[in-house]
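This is the structure I have questions about; it appears just below.
Naming follows writing order (A, B, C and D), and every chain is counted from residue 1.
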Amino acid sequence: MRDRLTIGIAGAGGDGVVVLGSLLQRLAASQGYFSQMPRYYGPQIRGGASGVKLSLDTTRASVSGDTVDIMVCFNWEKYAELEQELPLGINTVLFYDNAPPKKGINLPERSFQVGFSEISKELTGTTAAKNIVALGLLERILALPENLSKGATAQDHASALLERNGLALNAGKRLLLEFPFAELKLSPPWDASVKVVLHGNAAVAQGAIRSGCRAFFGYPITPASEIMQEMQERLNHGNGAFLQAEDEIAAVGLALGASLTGAKSMTATTGPGLDLMTEMIGLASGAEIPVVIVDVQRCGPATGIPSKSEQSDLNHAIYGGHGDAPRVVIAAYDVEGCYRLLIESFNISEYYQTPVILLSDQWLGQTTVAIDGNFLTRDYSVCQRRRPGGEYQEQYRRYELTEDSISPMAFAGDEGLVYQATGLTHNEKGRPSFDFATQQRMHEKRWQKLAPLRGKDELVEVFGTEEARRGIVAFGSSAQFVLKTVEDLGLQHRLKVCIPELIHPLPDKLASFVGSLEKLLVVEMNYSAQLHHYLRSQLDLPSDTETYARAGGLAFTRKELSGPMTKLAR
Amino acid sequence: MRDRLTIGIAGAGGDGVVVLGSLLQRLAASQGYFSQMPRYYGPQIRGGASGVKLSLDTTRASVSGDTVDIMVCFNWEKYAELEQELPLGINTVLFYDNAPPKKGINLPERSFQVGFSEISKELTGTTAAKNIVALGLLERILALPENLSKGATAQDHASALLERNGLALNAGKRLLLEFPFAELKLSPPWDASVKVVLHGNAAVAQGAIRSGCRAFFGYPITPASEIMQEMQERLNHGNGAFLQAEDEIAAVGLALGASLTGAKSMTATTGPGLDLMTEMIGLASGAEIPVVIVDVQRCGPATGIPSKSEQSDLNHAIYGGHGDAPRVVIAAYDVEGCYRLLIESFNISEYYQTPVILLSDQWLGQTTVAIDGNFLTRDYSVCQRRRPGGEYQEQYRRYELTEDSISPMAFAGDEGLVYQATGLTHNEKGRPSFDFATQQRMHEKRWQKLAPLRGKDELVEVFGTEEARRGIVAFGSSAQFVLKTVEDLGLQHRLKVCIPELIHPLPDKLASFVGSLEKLLVVEMNYSAQLHHYLRSQLDLPSDTETYARAGGLAFTRKELSGPMTKLAR
Amino acid sequence: MMKESSYRTGVTPVWCPGCGSFALLNALTGIVLPNLGTPGHQVFIVSGIGCSSRIPAYINAYGFNSLHGRAVLIAQGAKLANPDLTVVAIGGDGDFFSIGAGHLPHAVRRNVNITCIMVNNFVYALTKGQTSPTTPYLRRGEGPFLSLQFYPPVDPVLDMVSYSVSTGASFIAQGITADVPHLGWLIQEAIKHRGFSFINVLTPCVTFEPPQFFKTIREKASYLKEGEPVELPDSSREQPWLHDSGNITLALKLAQTPVLEKPHIGIIFRGKES
Amino acid sequence: MMKESSYRTGVTPVWCPGCGSFALLNALTGIVLPNLGTPGHQVFIVSGIGCSSRIPAYINAYGFNSLHGRAVLIAQGAKLANPDLTVVAIGGDGDFFSIGAGHLPHAVRRNVNITCIMVNNFVYALTKGQTSPTTPYLRRGEGPFLSLQFYPPVDPVLDMVSYSVSTGASFIAQGITADVPHLGWLIQEAIKHRGFSFINVLTPCVTFEPPQFFKTIREKASYLKEGEPVELPDSSREQPWLHDSGNITLALKLAQTPVLEKPHIGIIFRGKES
């Protein structure tokens, strides 16, 4: 019996790898197990390599170890493309459908050829149910209950699929008699409450709805499209405005238009789309129009690797665009954060009348987790835009220089508050100005209004003992791997870890974290160490500062992180 | 007799202010005088405020003092809009056409109402020649020779204009009898060789032609349009490819297409256009396609103040775009530099196969200077792209990992070297790759190939005594104001000044300059101190570092700079 | 020249004397808005960047002078989020048909109920006189108005009508600033049309186009009247037909008339409403 | 299924089995390039981003898989700088008619001698099945292919023809991947045309569109032959006329036929050459 178990599944596009992983994940979730399952896929639409790495856990969802405990392989050729993501360890128990190629693959000791396809063919006439056969086998190994009926997913097409393939499922279960691996059994979950299954992209969309988003405009792009698709379903029935735009300039332009009428408006994209939005983001900053932009980062530059994670859009999020246009940059590092921070992004965007860029990444966006669903029903304060009161009649100044530099904003349609705005430099009334003093004053206004955000301590998470003088700063999904590795290495008491969710403007709590250190390590997944340079541009870093920064395309492994971390702790 | 003299001219759009200034400038240049003349204009196409500030000098072109020695005002209402640019000093000698308004203007002691319009009307039937009357007056005051015939501008429509208005000109000259200001006479120029008159935008275009640019694509935008217009004339007759594109994405896309066939290709724009080019710049970086992009910066954010200077695109030039796409950023600080650095930009772009962004700004781009024309005929080394030799037949790898990370580049059309490239992550052959190791290696290649640029000492200018331990870093046109103020304050021996022309990657010479200091002042014209933060992100700055950074919209004055500079020197 | 209207703000326009934008401003504030009776706070005027795009500042309604080429996006977003607003997008020929050209087919097919007014001055005016996509082009020697570049112009009205073929829904018209009452009437009809509407307003720039250009267009202008024969240019070999703005095929034929030869003023096509 | 050709690289395509892109690849490497006899180094294939845009890697010619929507820009730039190259831009319906839609009218009017091949699979395939601007749209209940969004599609061929009206110069055609030899012939003619050419290649995605979609189009396909009567859909009230690809007005009429009702395969319009 064990508390954690990682299962790898690899095959070709039609092999049902993701379906198998999802069914298993949901089945386990219905019993109360936590889990996390990243997806691996390539450029091919059909028949390409497809893999998942499902880590089940009795107590919480966390990133898996480097190697897998159980591996199911439907296709060796495709496995070769996924070897980096799903390396076999010497203790891995491997089940495979067909004989492996002569060279290139070292089978672990406990490797078993199981005729998944053959059994499926025998029972159902096609090989299509081979993944269900495998499901039966895995269910039994993990000692999961017989069916999904107890779960949250009872009514959907997954259970229908299972019902249709009952024979195959049972055949899979019966295979177990021949492979008794008692040590692979999972302990009962810490609590039996059903876990919700979702990925970061779904969490973003649900957070948007929760915070009252009424307008979404998007353009398809991997790995952000799920957000658009979920928003389409949720906003399509008169609940708001949704459009698939003709491009990303249109998407954010439509969102600004909606926002001017008072609707909470957003869009979601990844790098290339964010590039195209640059000019509009500057307009939103300059004309002080709230809008939330989610960037689910992938490998760059240019088209890069569309299906793989990188954290290389940070610079553009912070600095992108001409003319000194301030904006807020937030980064989620887990799925719960995707939900909570989307709400926070709207709160900040609406309150401060500024564009907010919420950074996610492919790993976070497309990895499904099974977690406690409490966060979905928790109370969140939801901010509204500050609107001018009755005292303004006839005197309303859209860009009034108030004490906190936030000017009450009328909605297009509000009676008595008509104003005209412009992307030109403008005075308090919104009228074009060519005057230096106005230019300086309005720059000040836009930058200074964001200063209070530095005090948002709740958007900076710190783990570990306060007294530690060695610390790590990491953001986004990489932070999960950092936390996990610190724990696995047992360094919790020597190292502390700071995960800023608010990145820009730079929060005070992050500054004091850095200030408390003798040795700092910055970990990030981009070649040029963007976070490190950003921190350095704003703070005095300890003279003993190191960075661990490399390209994306592969999640951090415990192995690679342990080098710099052990060094840090020494 | 004096060595320097500054003349302000202000009026409404139709008053011929710029024509007057230009004629005077060219007349003086034809005698050997140096000069510099920024232009001030507003949003109106016709009838708006129009001003120039012409600083004549016997020994070199440099920025003028804060106030003007002579002021010609055709229109008080418009003057009010230009007061910041053309402040009157107590010693200013003022000539004005019509009576000033009762309040708001304090006339200097020596103020004279001269009926420019009246005289013009009398002599020519319309008031249109009032500027020529003023020209006559100024010519005589400065003791300039009678006509332009000696000058370089003999044949053009300026002299035609003068000829047509000979009466008015002479009337102007005769006015002098009534205003004897001998102390306003200019000494003879240091050398009598005719000076060339051009602005930064013209210098950029001429530099492009000089370096063999054969393809220009642009989209109109203030204050960069002059570059496009000059390139249109120069490339239109079968000398190359020129198109006015449908937008800036198209402009840079067309340039990349031309570059792939081996043509030196470029575009020019300002902030909003640069924003739109972001995605393509990333593609050029990722697929290693040479291209030069000139950004004539103006006030931002968004549309900002299109006709006024700011230095607020630096962040975007360095960091703009998703996915860690390196590029080279160069900034010219004077007109000669616009020419020389455009050539350098092509050299670097072609040699390193990378996009180069050359930063200019409205002040630099549109201020006409009269200077020694030697730089136009000097020898410049002109780099060619490294192309694969015969050894490559059948084996050519477009992105071969060579020792210096620069891969020979075939031109589309070259026999035997056919390759296919992509904006996807790719291997040495240019084939799409989804592999982490390739992703890391290609990031390395693109970043490391630029490292030797750090050694380009000639792209960093240092003024002042090496031993000084206090120094200033400034870039772009602001640097001219810094140099002038240091000189005016007589601080040359206490302060040194470093003007990096190469900004990114950060040159070693700049690093050692900063490293040699106890006190540093960074001067720049943008609200958020972009250069300062960039330097800080890369270097350990002296603990005693200050910044003087403010919005654009008004050139730096000696008065404002002397505060921080005196403090620095103390 | 300017009518007093409660729909005017106190801001003085920056346009050149004689610019057609004044006529549009008069049409909107002196005719359209008063006649429709829509209070200013229920109107949202979005513009791009260019001379005519300065107009929102002069109209006492919600207004936004946005980005070059993007007015039609902001306008659609606003209308979708607040369908009670009357939303008008105003811009230049550069705005709509150069940098913003990609947004138009999509705006047409979505048929969001906004009104686009393209102030077609046949030039990039604000940037001082460069060729726009509508700058007239004649082969050398053929006439007085030669674009600096040797491309034929795009034909905005033809494009807009052809975009409308698949929906059969939009409202496409051509107006002229020389006739403010008619222009006002057209805009009113366009706003009243429940669906996407587009008006190409002919108004050669008085500063960057030769003066005879405007004169020519004004003189050649031919008003379209329902049920009456359309006038065709002399060069046309078509048989004239009776104008029927409800017929998309006739509209397409009509839209093929080069605007310099026979500027048709009126409603070219009025599709079914939603 | 794949012809061997010296114009193929060794790279294995990532397309789904049965994808129409194979047919295009065969047409290009098996017919067009061999027939034209242009050596690979004098050919430059530029693509956007999408399934079909992977094609340059498979053709032994200069190639560049550029950015979504921008192939036509890179292609024009290359041709202008090196007029000796044969330049072909290939992309999807999303590429050309959504994100890249703004570039097309300008490419047409400039009449740069490049050939655009739009692989129209009626969907965003690479991003897994979202609505594209050509996704068929029928009112609820009218038929089997309902776009997720309730907009009529843009009509690429109609637009391209209407863009060509002012120049009268382009070459506009429609092909189908079910007929490789004919597709090859069309592309050859397009490349030989001295001026801008555009081919709309009908090839419903076999993965994200229902299988009957391709079947329907293939069955309804009607070949255009010079001088012979054009077939019109049953719903049409027009009199059939004799096909004359040199007549822009007839081309415009032809282009109004909805592609699902009567997919015309052949040369719709072939303008005057430069």
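Things to note:
Definition applied: contacts are C-beta pairs under 8 Å (C-beta built on N, C-alpha and C of every residue); 3 or more make two chains touch, one makes a residue touch a chain.
Please read these numbers as outputs of a predicted model, since none were measured by experiment.
Averaging Cα atoms per chain gives one point for each, and the point farthest from that of subunit D is the centre of B.
More inter-chain C-beta contacts link the pair B-D than the other of B-D and A-D.
Centroid to centroid, with C-alpha atoms defining each point, subunit A and subunit C lie 45 Å apart. Chain centres here are Cα averages; for subunit A and subunit D they lie 38 Å apart.
Residue positions of subunit C with contacts to 2 or more other chains are 49, 54, 65, 67, 98-99, 101-103, 106, 110, 133.
Residue positions of subunit A touching 2 or more other chains: 42-43, 243, 246-247, 272, 279, 283, 287, 302-303, 422-424, 432. If you check the complex, the residues on subunit A that touch subunit C are 214-215, 217, 240-241, 243, 245-247, 249-250, 253-263, 265, 279-280, 283, 287, 411-424, 431-432. Of all residues in subunit B, those touching subunit C in their complex are 42-48, 219-222, 225, 228-229, 232, 243-244, 246-248, 272, 302-303. Taken together, the subunit C residues at the contact with subunit B in this complex read 14-17, 49, 51, 54, 65, 67-69, 98-99, 101, 124-128, 130-131, 133, 148-149, 207. By the touch rule above, subunit A contacts subunit B in their complex via residues 42-43, 81, 84, 270-272, 274-276, 278-279, 282-283, 285-287, 295, 297, 299-308, 310, 312-313, 315-316, 318-326, 422-425, 432-436, 439-440, 443-444, 447, 526-528, 530, 533-534, 536-538, 550-554. Those residues of subunit C that touch subunit A in the complex are listed here as 9, 11, 39-42, 44, 46, 49, 54, 56-57, 59-67, 70, 73-82, 84-85, 102-103, 106, 110.
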